[in-house]
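In what follows, subunit A forms one complex with subunit B and a second complex with subunit C.
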Partner chain A sequence: MRYDAVIIGAGIAGTTAAEALLAKGLRCALVAQGRSKSNPDLNALVARGLALYLGDEVLSGDIVEGRVVALHTQKLEDVALVADNYILASGKFFSRGIVADMDRVYEPIFGLDVEYDADRSNWFNADFAADQKFLSFGVKNYGQGKVAHEGVVLSNLFAAGEVLEGICSLDSAEKIAASAAEAVSNIK
Partner chain B sequence: MQEHSISANNFEQCQKCAICTTVCPVLANNELYPGPKQAGPDGERYRMKNPVFYQETLKYCMNCKRCEVACPSGVKIGDMIQSAKLEYGKRSHIIRDTTLASTDLVGPMASAFAPVANLALSMKPVKAVLDATIGVSKHRTMPKYSSQTFESWFKKNAAAKQDGFRNHISYYHGCYANFNYPQLGKDFVAVMNALGYGVHLLDKEECCGVAMISAGMKKQATKKAQHNVKVIGEAVAAGRKVVTVSTSCTLTIRDEYPHLLGVDNSAVRDNVVLVEKFLWQALSAENVKLVWKEDYKARAAYHVPCHQEVLGWSNFTIELLQMIPGMELTVLDSHCCGIGGTYGFKKENYETSQKIGQPLFDSIKAADPDFVACECETCKWQIEMSTGYAVKNPISILAEALDLEKTMEANR
Partner chain C sequence: MANNLKDNEFDVIIVGGGITGAGTARDCSLRGLRVLLIERNDIADGATGRNHGLLHSGARYAVKDSESATECIKENMILRNIARNCVEDTQGLFITLPEDAETGFGLDYQKKFIDACIAAGISAKAIDPKDAIRMEPSVNPTLIGAVQVPDGSVDPFRLCSANVLDAKLHGAKVITYTEVTEFVKEDNTIKGVKVHNKKTGEDAVYYAPVTVNAAGIWGHSIAEMAGVHVGMYPAKGALLVFGHRVNNVVINRCRKSADGDILVPGDTVTVIGTTSTKVPFEECDNMSVTREEVELLLREGCALCPSLANTRILRAYAGVRPLVASDDDPTGRSISRGIVCLDHETRDGIKGFITITGGKLMTYRLMAEWATDAVCRKLAVAEQCKTAVTPLPGSEPKDQYSEVKIPQFAGANLGMKASIGRQGSMVRKIDFTNAEDRELVCECEQVTVGEIRYAVNELGVTSLRDLRRRTRVGMGTCQGAFCIGKAAAALAAALGKPEMADQLAADYLNERWKGMSAVGWGDTLREMEYLQRVYKSSNESK
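Now for the complex of A and B:
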């Protein structure tokens, strides 16, 4: 399947990005594991031409020479999703956009560079109401949602919303939507 | 979804977000149903402790699986509910449910006496008797049966020439194409032949068993599943894909066999594919060419059947239909039509079934298309009965829009 842009995630960031890209007249697809409470009605986007892959999961992305060239999903099996540009809005721990093991924090689809504290004892604060450091972990932001894989900044994958470092579910919808607008601004 | 759990159906991934509850078409229209969260993971927690906590109201689940598509955590809510029904459910209305579910037992009989059966099933007094005795809703337009089955047509008119093609596939036609609407099978053969594919039947396919699963007939459904996995396996061993036209048969064979019946289909699963995905892949690999009629014009509204939403392949259908020159395609808002296979035929579900479908019926009327495009045979019955608009399977639309002779020449 070929599109101008593929968006991963249907939360505030993903749907904001989808709206903005559709408004640019691009042919867009959106893949999401399920509906998000923040924006459960996706019919309006489909009516505007969005190709929706709901209830599907991106398993991996192929990166060649600093570019994402294809996504592989569980349900499309041997058919890849291919686009000029990609938006990663897969959320943080709740939606497994970011995964924490006992000794590391990682981004599971592409293996992007993630910003986190290597010392696990610093991840959380026993005082529940205090700042919790783990909430700030996320994909390293090289400005306007640009992200890197093994130190190389990718030219056509941009992250938005909670998957990024420094943004979490406690932030306002406006802040999350603004990060989506920044990510989209990379795409002409 | 990927398995992230040690329990079945991703049970412990449920975060209690309740988004499944907001998308359940039954819950919104029938207050007797506890809803997917309660019937699924919440109830499962109790059932694990003691089956006495099983609630008979789980019978109101229509197995549309919209809860699973909506779940952001990959919990197989629908499978959980169906499994509980198969395990603990009491069977009521045994005669009706067995009759409705045994499509390949009733089909041959109804086909043999098709004119009589069709007339009888359309008569008010007969419908009133069925309603009062076995509980089939009298408000429902009953499916028509064909006097010649697809299989007998195929053997007489098409089988002999199938070996002459370049490529070969096997065709799982399902009960509907065989007994109710053989034209669908004929359209399938016409399109596949034009694209250079010889069509072969399996060594006696049986009903996929979807209706038996919803009627709680686990033993009978398991037998069908084992038989189908065996004959599909023979086709796969001969190097053939097994191509299907029904979304529900496809989902049942690929996913319900292992999830609900414990039948291992891993050797064949990935080779069972809906015709729209198969054709899209053949086109994108440039294995086939299409030549369209020059004067074809149509305005169609595509309704995505619930089980197509679960398969996740609706975009293949959309892209195929959009390739047709002269096609003006609207994708309808995602709503369940309310039929749920045999669900809407049951007296106690008729009202819920029509209420569930109302938003879809309204959107079809608002779009006012020439016809509705949809892969599901029971959606077709429901939409045609409730809106008056004709429903066509996408493969039948392709058969109409293609210049079949020129396409055949182009693929020689």
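Now for the complex of A and C:
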């Protein structure tokens, strides 16, 4: 299955990106973990031509010479999702866009370079109400949502929303949507 | 005892509102003494509230320390009777794993273990590993041996609260959030205490012919304040709480006591522990759990129950055991875990002062009995101890409930049933008349507005932290994510101070945050992000 763009994630960032890409007249697909068919935002996008993979999860992506060439999902199994460009809007810890285990913090689909503090003692402020450093961790942003894999900036994968360093769920919807607009601006 | 005492005069002052102090206050009150119990924070705030909640059968000590084992099994049987409402008969397994044979704790040791248990009066029987798996499906299936013993679980908060409540019902005065600042000392006699209330800022003086130091590890500095030295060693024990009740039977490792070899189910959760590290006194007030401790507990926990590897950790916490050095060993190397009751008149020439320390949660009642016997000797009171046979409030036998109006089960909602589980026969004091009283506040632990009001009116609650110890509010799988706001509002209303709600919630969030931070990765970190989103976004929208 081949698209102009595939978006991973159906939160504020993912739906904002999908809307902008459809407005450019691109053939888009969106993979959403959720199972709700009654999401009015998503249904409106489907009406405008979005291919929606609902209740599915991207497990991995193939990277060849600085480009993402295919995505593999749980339900499509050995059928790959292929596109010219990809948007990663998979959220932070809660939605597992970023995963922290005892030893490291990583981005589980592509293994993108992640910005975080290796010293765990800096992650949390004892005062719940104060700023919490762990909320700033995320995929390293090389400007306009450009991301890198093992130090190499990728040419056709762009990150949007909370999966990025410096953006978290406490930020306004406007800030999250703006990061999606920036990511989309890379795609002509 | 004495009839014409002034308001600030008592027969006995007890310092420390942990289980030892609470038990001693109850025993003294039941023997007719006029008691003052002083606690610098809330009751059960120290080691009492920071342990496994294991109702030891004593099997753990049987091989090495038969005296402790015998004490444990006796107290185990007594607590099942007098604290029916605080204990759960889960039974326990001591399992032998294939790797234990390599370290000298194979099936030969199991035989020695069973013999030692039986000698100590603990019913211990080897069961087939297949039957052990049937009895507790979460147990490590590679086990090669299992012994069933009468372990159980005990809710230490409830147990402490029931002792305090019974002391109050028998006339004791209980003051919390109040520190002893100085002893009133004349020549070599302790005549009373000067105290400072941390909440109101007020100072006061109380007098009694006998003062009992039951302050756990903090008893070290209380003793210094009285001018005597008790050689104590703070031994930190770290524990982890898992997100649901993984096992229904206590699982122990059948080997020499080691770190992280006890897994105890308690109410809605499971607790693994513990470690043992000597820490400086300065750290006792602010314990934190290290990454190494967490790794060790997880590794050992998974050996008992492999599914722990994939179970969300709710939080980590640590307590400090008051270990005591033998008086005849100035090096402090010979440390006792047994009960230590010191009469400082015969030991140090300081009259009117007793220290009760060492021991463990399981033997609190016996410790209280020893301390109260010592108090009675000093006061020349002949009353005998009744605590081994007198049920605690909430734990009266069911056939004595006749006058107790427990809500009809048919119409009772889950919250009311949970209240019966927690408060036992004291549930009669909870008003479930109105729909609002039956309203659920904490969904994980099924705590109602009515139970919160009861806790405020009868159990001396001033904050959500205190309320947690009386009702388990916010202790379940969501760690308060869904209920802190509601609970703060309900508590503030019950206290008659609705304006305090935000402060109560903020205070409790910080307490939960600390316990989660120590295990802040994986699913726990997801929960932490969620907690931030729920409570910080709502603050912004105000």
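The definition used in the following text is that the second predicted complex is superposed on the first by the 181 of 188 C-alpha atoms of A that agree within 3 Å, B and C clash if a C-alpha of one lies under 4 Å from a C-alpha of the other, contacts with A are read in each partner's own complex, and residues count from 1 in each chain.
In this section, a residue touches a chain if its C-beta (ideal position, glycine included) is under 8 Å from a C-beta of that chain, and two chains touch if they have at least 3 such contacts.
This is a predicted model, so every value here is computed, not measured.
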Three-chain arrangement built on subunit A, subunit B and subunit C clash or fit: fit
Which of subunit B and subunit C A:F94 touches, first, second, both or neither: both
Touched partner set for A:F128, first subunit B, second subunit C, both or neither: second
Dominant toucher of subunit A (residue count), subunit B or subunit C: B
Subunit B versus subunit C as contact partner of A:E77, first or second or both or neither: first
Partner chain(s) touched by A:M102 [first = subunit B, second = subunit C, both, neither]: second
Partner chain in contact with A:D56 - subunit B first, subunit C second, else both or neither: first
Subunit A as apex of subunit B and subunit C, Cα-centre angle in degrees (nearest 10): 90
Which of subunit B and subunit C A:E65 touches, first, second, both or neither: neither
CA minimum distance (subunit B, subunit C), superposed complexes, angstrom: 5
Intersection of subunit A interface sets (partners subunit B, subunit C): 94
List of subunit A residues in touch with subunit C within their complex: 92-94, 96, 99-102, 120, 123-124, 126-129, 132, 134-135, 168-170
Touching residues (chain side subunit C, partner subunit A) in the complex: 291, 295, 506, 509-510, 513-514, 517, 520-522, 525-526, 528-533, 535-537, 539-540
Partner subunit B, residues of subunit A touching it in the complex: 1, 29, 32-37, 40, 42-43, 46-47, 51-57, 59, 73-79, 94-95
List of subunit B residues in touch with subunit A within their complex: 1-2, 15, 17, 19, 22-23, 68-74, 270, 277, 280-281, 284, 309-313, 315, 318-319, 331, 333-334
